[in-house]
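Look at the two complexes coming up: chain A is in both, with chain B in one and chain C in the other.
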Partner chain A sequence: MELRKSYFADQRKDDLHEIGQPRPRSDSPGHVTGKTAYFADRNFPAMLHLKMVRSPHHHARIRSIDISEAEMHPGVVKILTAKDVPHNVYTILILIQIGPEDETVLADGKVRWKGEAVVAVLAETERAAHEAAAKVKVDYEVLPAVFDMEEALKPGAPVVNEYHGRNYYLYDSGECRKVRFGDVEAGFAGADHVLEQTYQSSPIEHAPTETTGCIVAPEGNDRFTCYTNTQAMFFTLDNASIILQMPGNRLHFVGGTVGGGFGGKVDVIVEPIAILGAKLTGRPVSFIYSREEEMQISSPRAAEKVVIKDGVMKDGRIVARKVTGYTDAGAYSRHSPYGAQKGAGHYPGPYTIPNVWIDTYCVYTNRTPSSAMRGFGVTIGDFALEVQMDKLARLIGMDPLEFRFINAYRDGDMKAHRQPTEGAALIECMQEASRAANWPVAEKFMAMSSYAKGA
Partner chain B sequence: MAKIPVQFTLNGAEKAEFIDGGTTLLNALRDKIGDTSPKGGCHQGTCGACSVIIDGELRLSCLTLAETCNGAAITTTSGLSQDGVLHPLQRAFLDAFATQCGFCTPGMIMAAKVLLDHTPDPSRDDVVEALSGNVCRCTGYEPIIQAVLTAARSNSQNAA
Partner chain C sequence: MAIRRGRGVAAINYPTGMNLGGDPTQALVHSTPTGNFMVTLSSVDLGQGMKQIMAQICAETIGVPTDRVVVDTADTDTGPHCMGTFASRGTHRAGNAVIQAAREARQVMLEVAAEELEVNASDLETDGQGNILVKGAPQRSISIFDVALSAHFKRGRSISGRGMFLIPRSYPEKETGAMKPSTCYAHACTVAEVEVDDETGEVTVLTVKNVFEIGRALNPKMVEQQLVGGSWMGISHALYETTEPYYPDRDHGGTDFNQYLMPGPGDLAQTEIIVLERPSADGPFGAKGPGEMCANPQIPAVANAVFDAVGVRIDTLPITPERILRALKAQASN
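Let's look at the complex of A and B:
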């Protein structure tokens, strides 16, 4: 691969002599010899195994929990319920002041999605933990559930999460994240064509080959070492500190070796309860998702719905864009309010559009809480808006690549969320793509530059 | 629960353990014997991360009961390099960027080794078929296929 340094002359003055050269990965020798230490490769004497009792219902009130029979099961050492968790109601992003705390470590009085953790069983063997978990009796009163974002936003829909009190995240801008730029209705009125399309996606599971988990060992000095495959070490440490009401200096996190993450291991899910188990029993604890839990319980990418309305001129200029985006957070926030907010900034795409109106909603439903995954908040949006770009090009009978050249943002252009464009390279990328894919465009587009207007 | 004795060779070394009946070979190797090179990605025979070689055959150690391995000769990826020199497959995986997170790698190398032991000069289709029981979420498989083909070529060069 050739690096065209001229495009980025202002940004990188150094030699970049590593670029374009193959270099061995520093972790590969460990991988090919089987020496890389993943969290589950630690083994401790007298280690306990943690299994969760999970909600079989999408939405239900918990009338009672009876652990008496499970406690008698041979090999069971400890059973944890909500009352054992020092700070049971939490939310991950509280660390950056994005509240309210809306999720329980162990369900307290209510479950809001099928698979929610209710009771944690710690036993001498995995098998004993499994068997005892099956003996925990939870009496549920099933409540009406809502699975569709638009249904959830209708008046009278069942309230999914009382900590929000409504089925959407309340931003400081109101019921949704808003971008207002120019006059979108005037833009539509003056457009040669208007095209409105709806795009939808389902949740997507990351499916890492190594499932989510951790092993916690109590140390002699009242500290706990947590071997984990989290993708977010400090986030997890700080949240564990809040949930356990334990100073961070008593928590030692060891990790960084992750058997596939893709964003699926940034939630704080297994560590706090495993540390609590280790604290209350004084023994090492292993909490590792089964493959089934990884696929069904761990947060997926959010389902999204994107409605895009564009006004376009016959000469190829997009003059107005209105987007309403919906992100299905599932029952709890996790990272989704942030994902929906990213979408708001992103929906114009790498295009300069003079009139823009964007509303993005983060919606609560009784589905598995969604969270981070590879560009969450923008990936589905990119799919939607690039399909939309192709449709618009077809509508006006223009080559789809030339259509993108006409609308491409360039340095100095003001984006709809009022960040001036800097360091743009879309035009140069498209010029390369045009050559590489043998998809010729008119000479004037090959002469354009992200730096200089008017070409 | 009464323990069951098992005895086998692991990468040429004699091993003997007392295990609980029903213990999988995967758990026996990892938790009892301390060879963590086989990985547990599913514990239900679908991912191939736990692949080992038992008496020359590729086996899923998560679906093999340890008590059935008495007298067997077991090979795992941790036993492949000799005196610090990488096996040609390990070398090829390293050079071809055939590992990312690395979690599938030991299982992939086991599957590839059994292929090359039986078919020293495999076609690309042979490689794809041989790796079809092993899931990799990261690499997109192509570098792994190339690594196995490269290792086969370097083997035949050494033999020539």
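Let's look at the complex of A and C:
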């Protein structure tokens, strides 16, 4: 890695002592010698293991649940169903007033995705919990499922989630988050070329080294300590408090070094049910995802579809951009309404375009609920935007890098969401990339500046 | 049939912190009798090294070496509130809270030192080595160890401080979408070079040259680990990963690392990282959040390089050999 201090030298004082120094990480020796303690390194006497009975269907009504045989299995201590969860229907972003509550801790009457948690089995050993889970009998009536976002948005499509009543999230702005800036149709009408393209992605796993999990220990005084690898301590505690209808002062969350997050550990999935198990049995409870659960049960990055329509002039100026983004939330909201909205705030990318129209939809389908992941709401949008930029440049016969200089945002430029640009640095990144990659551009672009007047 | 070479570019920006704000983080700082400082947080270190960075931020602000600072975090009984470690917010939000707390603690420390040295606190400065000196007369000095002892056992003072950072929440306007998604943005430009085998559809990423603008590299070695890892993750997203290979078909999802493809060491490109620093107005020492944005530009850069190599557009991620071969076949039949 190289620090190129010649850029922005007038924007910065290099007079610091501890900051800017490549100090060795104080936690590195522990990591590389195996001494660092993770949540799962704790082992309590009489600890129980929790395993979930999961839906084998993408969409089904639950006619009945029979736990009688599972309860008789040697080593089983407690079996939990929906009726045991004090506030079973929840949504995590209720903490920032983004509702409605739309998800069940344990399925109640219906399952909406293959893998959904239905019954929790607590047993003396992992093996006993696994074996007993296989003896839980759930009678399902399979319902039509919908997997394709376009199909889900058509009239008459099966309704994925009754708490929404429609297969998209209803924002205060309507069926999507909207950004309107200038007159996009006039922009297309006056453009030399108009190009509309569709981009698509598939769900992605966070693939952390350490799978999602927690261990809960009763403190003996009606308090419960939850050792967890959540990325957000109080966010998880507060949601657990709502789900369990338990005052927050009864809950003590202890985290520590996490073996990789990438956004995969902000969903509040394992903690509430493990705390409930500890409360009802009076014993420590461990609930740790297997690798299979981490990959197919825990939320992936959403699949997205992005439609971009651009009006561009022969001289390289983009004069209009319309973006329609679709985020596949799966069966429940989790963080997806936030992610889709974040996309609306990100488009049309780091370019100054006078006419912009943005609609971002959060769509429900019968698949594993998606949620946050590194680059949430932006990564797939950037893929779409930057491939589109390459196509536009080639369409008008211009060098793709020079084309970006022409449109790059600079300090003071008004963004589509009506914030003036501050602290821009795209131009300088491209100038350095031009040098580093030996990709020459015209001298006038190398003389540009994100902030200096007249440059 | 041949191996074809191409290159592609992508340029991006990325917001720092929870979208639309409203995501507070608090910090507490206090000294022990030995003159070491404790930073107390409830923020989570995901392995990216948050504790180390918070120690350096506290040390810089108080004016002591980093190894005099200990960070205690991720305990809801002891640590003040933090919204969490996500949205590239850890360093920016918690760092600002630590600076505010450390400034308050530093002020008490200087007041105690001033009493011991019989000067005004405003006439004192730290040497960064654990001592407090009279400005212009460095022979008059006191060690921070002695100041801490004085505060605890003689003066009855608590060398401590409280810190809080909150960007007020922005609510998007319904019709126009007017909003403030973030207060600062990191930037990147990536150039990727690939080889594509037009017989097998296999892509080899030869080089990835990344330029990242991140406000301030608080610890350059740790910036490097995050940016290199992110760059590899970007390649992995572009070419390998998905839990649903035939999305929206729900079948064929991988359940372990034998089935869920990721690049191994031999699949990684020669990676170059160049860092620019344009300090942000509200970042701790100007820092922005580079954690997420560093994994984004490689994806379109690789996609554009594949087109440059073989002349087909793969607009669906991941860019698998199967998709490339189908596109080449379609191109040949047209």
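By definition in this document, the second predicted complex is superposed on the first by the 430 of 455 C-alpha atoms of A that agree within 3 Å, B and C clash if a C-alpha of one lies under 4 Å from a C-alpha of the other, contacts with A are read in each partner's own complex, and residues count from 1 in each chain.
To be clear about the criterion, contacts are C-beta pairs under 8 Å (C-beta built on N, C-alpha and C of every residue); 3 or more make two chains touch, one makes a residue touch a chain.
The structure presented is a predicted model; accordingly, all values stated were derived computationally and were not measured.
A.B. asks: In the superposed arrangement, which partner chain does A:S68 touch: chain B (first), chain C (second), both, or neither?
C.D. replies: neither
A.B. asks: Return first, second, both or neither, reflecting whether A:F235 touches chain B, chain C, both chains, or no partner chain.
C.D. replies: second
A.B. asks: Return first, second, both or neither, reflecting whether A:H17 touches chain B, chain C, both chains, or no partner chain.
C.D. replies: Second partner only.
A.B. asks: When the two structures are laid over each other on chain A, which of chain B and chain C touches more residues of chain A?
C.D. replies: Result: the larger residue contact count on chain A belongs to C.
A.B. asks: Is A:L401 contacted by the first partner chain B, the second partner chain C, both or neither?
C.D. replies: The answer is second: A:L401 touches chain C but not chain B.
A.B. asks: Regarding the shared-chain residue A:C429, is it in contact with chain B (first), chain C (second), both, or neither?
C.D. replies: It touches chain C, and chain B stays clear.
A.B. asks: Regarding the shared-chain residue A:G30, is it in contact with chain B (first), chain C (second), both, or neither?
C.D. replies: Touch partner of A:G30: chain B, not chain C.
A.B. asks: Contact-wise, after the overlay, does A:G260 reach chain B, chain C, both or neither (first, second, both, neither)?
C.D. replies: After superposition on chain A, A:G260 lies in contact with both partners, chain B and chain C.
A.B. asks: Looking at chain A, which of its residues have contacts with both chain B and chain C?
C.D. replies: On chain A, the residues that contact chain B in one structure and chain C in the other are 22, 24-25, 27, 31, 207, 258-262, 291.
A.B. asks: Which residues of chain A touch chain C in their complex?
C.D. replies: 1-5, 7-8, 11-12, 16-27, 31, 58, 96, 114, 147-149, 172-174, 177-181, 197-205, 207, 230-235, 237, 251-263, 266, 291-292, 295-296, 300, 303, 328, 338, 341-342, 344-346, 349-350, 358, 365, 367-368, 372, 374-380, 382-387, 389-391, 400-401, 404, 408-409, 416-419, 422-426, 428-430, 432-433, 436-437, 439, 450
A.B. asks: So in the complex, the part of chain B that touches chain A is made up of which residues?
C.D. replies: Within the complex, chain B touches chain A at residues 20, 30-31, 34-44, 46-47, 49, 76-78, 80-81, 86, 89-91, 93-95, 97, 99-106, 109, 135-138.
A.B. asks: Name, in rising order, each residue of chain C that touches chain A in their complex.
C.D. replies: Those residues of chain C that touch chain A are 7-15, 19-20, 22, 42-47, 49, 51-52, 55-57, 59-60, 63, 65-67, 73-77, 79, 81-87, 128, 169, 172, 174-182, 184-185, 187-191, 209, 211-213, 215-224, 227-228, 230, 233, 237, 241-245, 247-250, 253-257, 260, 262, 272-281, 285-286, 291-293, 295-297, 299-301, 303-304, 307, 313, 315-318.
A.B. asks: What residues of chain A sit close enough to touch chain B in their complex?
C.D. replies: That would be residues 22, 24-25, 27-38, 40-41, 43, 125, 206-211, 258-262, 290-291 of chain A.
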